[in-house]
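In the two assemblies presented below, chain A is common to both, partnered first by chain B and then by chain C.
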Partner chain A sequence: MVKTFLRRLLQIIPTLLVVVSITFVITRMIPGNPAVTLLGPQASVEDIAKLEEELGLNDSLWKQYTDYVGKLLKGDFGKSYSFNQPVAKLLMDRLPNTLLISLTSIVLAILIGIPIGIISAVKQYTPFDYISMVLALIGVSMPIFWLGLMLVLVFSVNLGWLPSLGMGSLENGLKDVILHMVLPVTCLTTIPTATFARITRSSMLEVINAEYIKSIRAGGLKEGVIIYKHALKNALPPIVTVLGIQLASSFTGAILTETIFSWPGMGTLIVGAIENRDYMLIQGAVVLTAAAFVFINLIVDIVYMIINPKVNLDNAKGGE
Partner chain B sequence: MTEKKDLLGIEAQVEMLNKERKSNNAWNKLKRNKTAMFGLVIICIMVFMVITADIISPYDPNALDLGNAYSKPGVNGHIFGTDEFGRDLLSRIIYGSRISILVAVGATLVAGAIGLVLGLISGYSGGIIDSILMRIMDGMMAFPFVLLAILLMTILGSGAVNVVLAIGIANVPIFARIVRGQVLVVKNEEYCNAVRVLGASNFRLLFGHILPNIISPVIVQATLSTAGSIISEAALSFLGLGISPPTASWGNILRGGKDYLNTAPHIAMISGFFILITVLGFNLLGDGIRDVLDPKMKK
Partner chain C sequence: MKKILAFLLVAMFVLVSVTGCGGNNTTPQANDESNTSGTNKEVTKKEIEVPSEPQDGGVLTIALVSSPKNLDPVKYTGTYESQIIQNVGDTLVAYSMDLSEIIPNLAKSWTVSEDGKHYTFQLRDDVYFHPGKFQDGRQMTAEDVKYSLERSHELSAMNRLDMIESVEVVNDFEVIVHLPEPNAAFLTALTNSGNIIVPKEEVEGWGDDFGNHLIGTGPFMLKEFKLDEEAVLVRNDNYWAQRPHLDGVVFKVITDINQNANALRTGEIDFSSGLSGEAVKIIREDENIRLLEMPGLHVAYIYFNQVKGPTADIRVREALIKAIDTKELVKGVYQYGEAQPASLPLPPGSWGYDASLESIVPEYNPEEAKKLLAEAGYPDGFKTTLYISNTPHRVKMATIVQQYLKMNLNVDVDIQTSEWGTFSEIGSSGNADIFAMSWTWYPDPFFFLNKIFASDAIGSLGNGQGFSNPEVDRLLAEALVVSEQEERAELYKQALKIIVEQHPGIFYSNENVTWGVAPEVQGLVQRADGCIFLTNTEVNVWKVQK
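This part shows the complex of A and B:
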């Protein structure tokens, strides 16, 4: 167990290196000169040359790369040209806002999606099952930027119930922030909720029909205990895998959702940075996001090993 | 049963076996799956729109008529109304289907082709090549999908071909991983050893014998990836990085409609609805094919 865990931990080093390298190469390939973008079209040739020197744009690519990796290892993400602030500070300002809506939406998705999946599986082929599975299918097919616009149309434009822009301010009380969260979170939670409902249903169905559940039932245990204690436990591994994927893609969803609702998070930061050709900021934001992905996957794998001992035995070559 | 077969004589037996094979054949199984068929019908309607766009469009999709801008659906003979420039929305949706669906299919083909080759190489050769390729795939998968596509679009610049490339490349790791996993299972099976002993080249073994046996999950993933790519194209165009106006795509019609939610909500409503329905169609078909091809996922 410990050995597998350590090997898995070591695997993330090359992955992180690939992430940093891909990001570096891609940002360097973005057309446009950041010095020109920064100073504007009227800037003199001397000013541009001076700024290029300052930004290290004249060094060889290899030197820029090693400098960048070296600084990253020390936790230095460089300085944003367009904000004129350290990238690390900008990221730390924005990251909590994104986490606020993406984690809230994942928690909601777990609380709503998994119970729906369980009930659908237990009451297979009932109207509840049909209706919730049709809704779930529509949910996973939903273009969330469209859903976001429709939510704004109904609840902000037509009904005027909810604010559609920004995240409000704690100075106006917690209620203000929560009201601003309703639409973005609804938007973000749709796909994960639908996905959890579907995967929970199919995983539960597989387990419920297994022989050992039948024999437990024959033993006379209460149905509720069978479902929630025995069946759910065994149906969990695929659900955990999906949880990892959904956690990761909630970041992707956040990029689009934040753009629609002008939510001041990582998504709007990255889109703005790309528009401004802010190399350092793009690099920092992308590396942070991707590193978060890598760690989420690591955690999911570990949880998976714990709840599903089979994986472990396979790796340890006949540990039985 | 066997007695009956004997009584029927050899010809009748062959006929019966054929019938049995027919009803077990994948297409016939798929035909019995109502939701998959519903998905296929949606896709057929969309493909019909793609092919006949020039004939069935009531108006020129790019003809401006500023006097008639923001017409509500049904007004002045515009079934879906008009957009902010007075262009007929129905015609733009029909022409938009071309871009949206062709881009999605193209991106899936790019991803499938590259992923297939990388997966075959990685799974078959193993060792250091496998490790390097898979670490690169891990690295690519570590990027939020839309983010990777956004970055690629920033480099490539907007345009349909570049959208195909960006979405296609971002989709490669999924295919490579699926194919690799399948190759690892299949490559040590008896028939592969037999082919190898008979002296077939690696190329022949991979493409002639292994590939046909692992193609099912790739087909399922391709159908689902097409659904995902329709959304990705729309997302990129929605962010202003995909297909640039005046060429119509469902994503950029939606982007246009976003600014007129107060005055002309039908623009955003209708274009997004078409995205949703088409994605739903591909997802239904993909689910259906998976049920048919994967015997483990029995109903």
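This part shows the complex of A and C:
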């Protein structure tokens, strides 16, 4: 398994190189010129020409590409045009803020969503099942933007219980930060909770009705043991897959939620970078996200192997 | 199965009614007469007890709707940076708060040579920098003025001082600025926050990082600058003009407009400078928040391609103008009365404005429009593309224009909406059939007319549609050489007349500067250019202490 892990780890490098190249090409293909966007409408033709030269936009694309990849291999993500700061620093400043709310909401989603899914499956066609699945349906289809504004109206404007924006500061105590987290985390938790509940329910139902569970049940084991020890374990793979995707996308931040709550995270940074045609920053953010995706995929595969030893990752590539 | 369905329906019904109620309670009058402009509900604002004497203390929290990125005066490019910079640093001269004249600031007086090429400034001798890492709050002298202005001349990202040649130090408190040729916009350029006076030690000490540690001579000192979050300013007790009443100022970034309104209502901010659309209505109807509005130095316009396509023909341009009822257009776009209808490419707040020219602008007349278009060879209309950036006001405007042109002229308008980066590239390329945007700057007509209608601005977004008229170019150039404002105004009026007669576009509105302010905030003065000054020679904002 260690060998497989190491080999998969090495495969990340060519994958990332492809991602870098594609991102490089795409950022240059979208219309818009960083110098024009950066300087705004009042800039004269000379201002723009001067800045283009400064930013190295007049070099050939090939030179810009090789320069970028060369630096990237040395761990240098380049400098953001609009912030005039190293991309790596900008990303690392934001990543913890984003992970703080996104990981919290994933943990909450697991803690709430999976039990609901299990109970719904076990008590299929009971009122609990109906209500929770309708709620889940609403949760999945709720526009986050609307939900965020409604939460603010109710809990901040009308009731005055919770702050409506910003991160708070540790200087004012942990409580301040936690209070600031409540609304954005609620917003972010809605969809994953609903997704987990639905996936768990359908996956559990499949397993519960399988022949081998019936035979275990015939063997006289307690229902609780059957559900948690035998059924849940076999129902896990699809849940792990969804969890993997959720985890990986938590790195990019939640653009809408961060915007509504003025949360200084990755989402707002990336949107700003795209609006400003800040090539270096877009590339840096995409590389980071891609790395997170590839790495978490790898972890998910390993987890698969642990929960189901029959899964052999090497077989997928023709076997050895 | 039936049972399930019935249950689902009941559950949905209950949920919808519950959330529906919540919505009604929380959004005030969401469905009232919002479509009939001008009939906004009048709300009597709650009065608070205001002491007769200004009180010291308190921190003012201001929301900015876009994120300031770099506070280095030569590097910044957006208006949001300047809101912070101008409260940390001072310029040599400044616009008075009513924008009617240029008044002394760090320079207590100045004289201009006969030929208009040499400006001699007498500096104040009681101005000190904020203490920083590389100096301990020393006195500002002529050397600093020379350093700062020449730095701006050489390095400014926006060429904010491209008209000067050199700065000569006469003695500690006197400098002469030499211009290669007379330029009447020079003093206005000096008022730009890109030209504040900064100490050399700090600039060179911090290098690229000076933007995060800006040092100036202004009423507030930059304590902390957290990107995309906030800029924290504290009072400068040694401020030369007067001691600020406020202990400090926090500029917070809140990009969502509705959240600006919410944060005002929760009291998390005292002041929002970027209200528009629905948020204006919410604040107008909230009895606890004051809404300050004044006509801005702003023009929103539709600009026709002067060189290519059907609109290169002046008859087509005139027909398009006559086919759109601008007054109705403005009513439709600005449902909450956030703008005044306009007709000229200069805002009425500019001293070059000439109300007598309003009558030259063709009035709404679909019949004549149709005739003109037929004369120009398009009796059955044509297809064209209107480029806009994706802001709500612009999208609404484009939709209404599309309907007018289809209805009156059978012109098919394809609306191309894109975000700013894409829009600005198409706009400046000269390839857009028609585009729409807005322009806002100083009251000096130079900053409108020269940037939008001078031949040498072709290729920039301002004159992206290739307007070129030798007589206009001559008048605009001459207006820059003459130094008397009245004489200049006369030249600009002549240029404006020719411009309007060419029917370059539809200049449909002047948007208001719209601020939402907590009632505790006192002494705030709104400027038509939207600039926020908290303490200077004329104002000193304070907060009623609870």
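We take it that the second predicted complex is superposed on the first by the 266 of 320 C-alpha atoms of A that agree within 3 Å, B and C clash if a C-alpha of one lies under 4 Å from a C-alpha of the other, contacts with A are read in each partner's own complex, and residues count from 1 in each chain.
Throughout what follows, a contact is a pair of C-beta atoms (placed from the backbone, for glycine too) under 8 Å apart; a residue touches a chain by one contact, two chains touch by 3 or more.
Please read these numbers as outputs of a predicted model, since none were measured by experiment.
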Practice task
Based on the superposed arrangement, let me know which partner A:30 touches: chain B (first), chain C (second), both, or neither?
Solution key: both
Exercise for the section: May I ask you to decide whether A:153 touches chain B, chain C, both, or neither, giving the answer as first, second, both or neither? Expected result: both
Handout entry: chain B versus chain C as contact partner of A:248, first or second or both or neither
Key = first
Problem - Partner chain(s) touched by A:38 [first = chain B, second = chain C, both, neither] - result: second
Practice task
Give one of first, second, both or neither to describe whether A:76 is in contact with chain B, with chain C, with both, or with none.
Solution key: neither
Handout entry: Which of chain B and chain C A:143 touches, first, second, both or neither
Key = first
Problem - Partner chain in contact with A:18 - chain B first, chain C second, else both or neither - result: first
Practice task
Check chain A for residues that touch chain B in one structure and chain C in the other, and list them.
Solution key: 30-31, 138, 149-150, 152-153, 157, 259-260, 274
Completion exercise
Per the touch rule above, chain B residues touching chain A in the complex are 135-136, 138-147, 150-152, 154-155, 157, 227, 231, 234-235, 238-239, 254, 257-258, 261-262, 265, 268-269, 271-273, 275-276, 279-280, 283-284, 297
Handout entry: List of chain A residues in touch with chain C within their complex
Key = 30-33, 36-48, 50-51, 82-85, 90, 93, 125, 127, 130-131, 134, 138, 149-150, 152-154, 156-158, 160, 163-167, 259-262, 264, 268-269, 272, 274-277
Fill in the blank from the handout: Per the touch rule above, chain C residues touching chain A in the complex are 4, 7-8, 11-12, 15, 19, 22-23, 25-27, 67, 69-70, 75, 77-78, 157-159, 162, 208, 211, 226-230, 252-256, 258-259, 262-263, 265-266, 268, 418-422, 424-426, 428, 437, 439, 441, 451, 457-462
Exercise for the section: Name, in rising order, each residue of chain A that touches chain B in their complex. Expected result: 11, 14-15, 17-19, 21-22, 26-27, 29-31, 137-138, 140-143, 145-146, 149-150, 152-153, 157, 202, 248-249, 251-252, 255-256, 259-260, 270-271, 274, 282, 286, 289-291, 293-294, 297
